[in-house]
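Next come two complexes, and both contain subunit A; in the first it sits with subunit B, in the second with subunit C.
Presenting the complex of A and B:
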């Protein structure tokens, strides 16, 4: 029986996870090493919906890593397929609405889950226009229209 | 930036591909200033670690190499045209767009001469790489032309990426002179141009397969640097000739004569500290010169032909003169017809997977006014 860690979402809901899963988060890992996880870890800036997703992600990646290790002995040219399977899973995982994706990114940043941060950032950017990016990332437009036109012109090739 | 903490901005920006970074800097003035800061590049660079190509705004192109890989697969750029590179990685050839991570392997088994050319030192100039946009499409098509010197006669071997054949066209020059060594052919208005040591030019159109000899004459003075390029503003071939003190730009006139177009003072280089200098790039708008001081990194100086002033473009790690070549790369997102996306495809061909690794690590966060210099090390 592995050790359990308890997360508490911003709504006060408790989530019990295996320590191995919690260790995917660098922030939590540090806390576990410092032995200050007794009585649960309150995550005041992560809501339940986001936390559920984050735990899903960590679980999957822990399982995938364990599976990869188990198969390491008989690695053959098909070894790459495992990667593809996980990639496909990741792609499905981020098929959520933009606000949740944004929350996931913030959570990944706060909990320090490099893989998830990578995944959410890239998904949020993919194929987006300047206008959409402003909206998604809550970036204020501080250019005048003329200035913006100038910058766009300078980098016109990126908008081909 | 009220909503995103700075550390998150870093975390986002360092994760994005170069194109996304450019889109990002179009959203907000603060971000643009932030991204343009040289510190951003150097920090990003330290995170990315060693990569084969590294392009940045302030240092146009750093090259560091993953040494252990390089040793097994020497890698060369054979040509650069319209945002695509022709690469030779351990004897396998690829057309690649370093900005989109797309690449396509080339079958060179049909070529009688390509392999000989690239394995022979100082013969790389025989390979011409021509890329054209397909009409009404974003995709491009390319041709590779190898020029064969036989005394005063020249032949051409052509590939469209699939098959190779010897063109029926040959051309005979009226005088004897070798092709200029280490001088890349210039592709201008659908025609590849090879410079010869006497200043004359062999021109070949890969589409029509027509060739012509341009009997222009240029006497290179001893102790001068020479650079063959095109003036893209007026669509003419250009020859840049320079000493440490002065640089002259000649353009090829209608009458097949090299006409002096500009004369500028070279950037000041301290004689006692100077190890060597070289002409690196010219496109009609800018002239780039590299200066290598003793015990220091090389510095790129850029001369703005319109504003008439010198500025610093950046620095390079590579120090010795013979091992570095420079390619101009105009960034583009398009790729060739029937492209094959190598990313995500498991690849068991070691050279191809090496290329994939190289491309992944390619980092080109920013274009220098839509123009990027590619520096590439010949590691032989």
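Presenting the complex of A and C:
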């Protein structure tokens, strides 16, 4: 039986996961290597809802990596079929409300999960209008209307 | 509750490096802090998504268009292209008709039709600078290229090509804001097309000459020594019959050359393993069977396919050709060819302006950069 690691959320709830799943987090990996995971790992800044999602993500990616290894040699240049499935899964995974997405991003940053950080950062802003971004992130507009129009005009070129 | 305003600058930089470049306008319009941050880094630099970008100049159209192409997922069955291809973009050139462009490390040099002045801009940084041309007759044949020396001083080289010779060579320095005549002998240059490209600040001119072995080659204008370098070898012809260099591009600090021989229906792609103003070493990337492309066109129409817009993904061993001016069908196409025999054509939609078909297009592959323009004091 594989070794288990216990996480403790900010609410004090315990989550038991396989070591392989916990290893997806660079921060935890370091702790495991330093042998300081006995008695559970308290994650004071990650709440239960976020932690549940983070564990789901790590589990899925560990499984996918194992499956991909089993099918080695069946690689494709810009994404094999396996990747499509995982990509679709990822896309579904981040269809959550913005506060949770933001918390996931923070958790991914804290636990160092590059794939999840990438996914959440990308999703947070993609396809959003300026108004939506300001609302989501509680940012106050500090441009005058004219200034904002100017910024928009200057940047409304190749990338949009 | 933590909000984005509470985050450290470092974390925000980390986030921005993963936000797609397409969100640039939205990010910058959100607030002043974000705008400032986005100018200190390239948005989306760490994102795994590979994106190809180019600027295009359509002959007789006198404006600049952008070309954007996503590589991610291109091998997937359900890959679909939903970008605007050939989107007209407005540069800070005040609605002036542009007749030439040149790209150097994220900087774009725009030459207006009347050549009375030049525009240099870093579109990513929203910087632009106006350069007055010398008060001479503005010959339409004058050409301009942009480069920089070892001390990162930007300069513009102006020249004309008369009877296969580069003449009337003048140099503009950004730091002194002056033009001066360069006292160099005319250089032989068999430019039948715009075969010059910027690499590491210098400009390389590709001058293939089938008639003369001594004149066939590549040479560099070195912006540090302000001199033309010696003639450097081009890759050897792989067929004794007619062959031509189709195009030359720079990619990841290397020169990439494409040449083909219609006679033996092959295309070869060569990459430099070493490139300096006075030395070049070539390595063959691969040989491509022309029938891949030929097979797409009825009869002999493939002869009109000019291979002038393309790029390679060295790591994945993929070459992508664009057919922006379709002559046989109404759709613009991208042809993706993998070394392993992978082939895919992607329909990019109808050509936005049907008359493009009859015009030549100049392309410059573009990579955004944080290169600062020396602005006028």
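Quick note on the criterion: the second predicted complex is superposed on the first by the 146 of 160 C-alpha atoms of A that agree within 3 Å, B and C clash if a C-alpha of one lies under 4 Å from a C-alpha of the other, contacts with A are read in each partner's own complex, and residues count from 1 in each chain.
In this text, a residue touches a chain if its C-beta (ideal position, glycine included) is under 8 Å from a C-beta of that chain, and two chains touch if they have at least 3 such contacts.
Model, not experiment: these values are computed from the prediction.
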| item | value |
| --- | --- |
| Contacts of A:134 with subunit B and subunit C, given as first, second, both or neither | both |
| First, second, both or neither for A:99, with subunit B first and subunit C second | second |
| Partner chain(s) touched by A:4 [first = subunit B, second = subunit C, both, neither] | neither |
| Common interface residues of subunit A - those touching subunit B in one complex and subunit C in the other | 77, 80-81, 84, 87, 105-106, 109, 117-118, 121-122, 125, 128-130, 133-134, 137-143, 148, 151-152, 154-160 |
| Residues of subunit B touching subunit A in the complex | 1-4, 7-8, 11-12, 15-17, 19-20, 22-32, 83, 138, 330-334, 344, 346, 348, 367, 369-370 |
| In the complex with subunit C, residue positions of subunit A that touch it | 76-81, 84, 87, 99, 102, 105-106, 109, 117-118, 121-122, 124-126, 128-130, 133-134, 137-143, 148, 151-152, 154-160 |
| Residues of subunit C touching subunit A in the complex | 1-5, 11, 14-15, 18-32, 34-35, 46-48, 53, 55, 66, 68, 71-76, 87, 89-92, 123, 126, 316-318, 338, 340, 342, 366 |
| Contact footprint of subunit B on subunit A as seen in their complex | 77, 80-81, 83-84, 87, 105-106, 109, 117-118, 121-122, 125, 128-130, 133-134, 137-143, 147-148, 151-152, 154-160 |
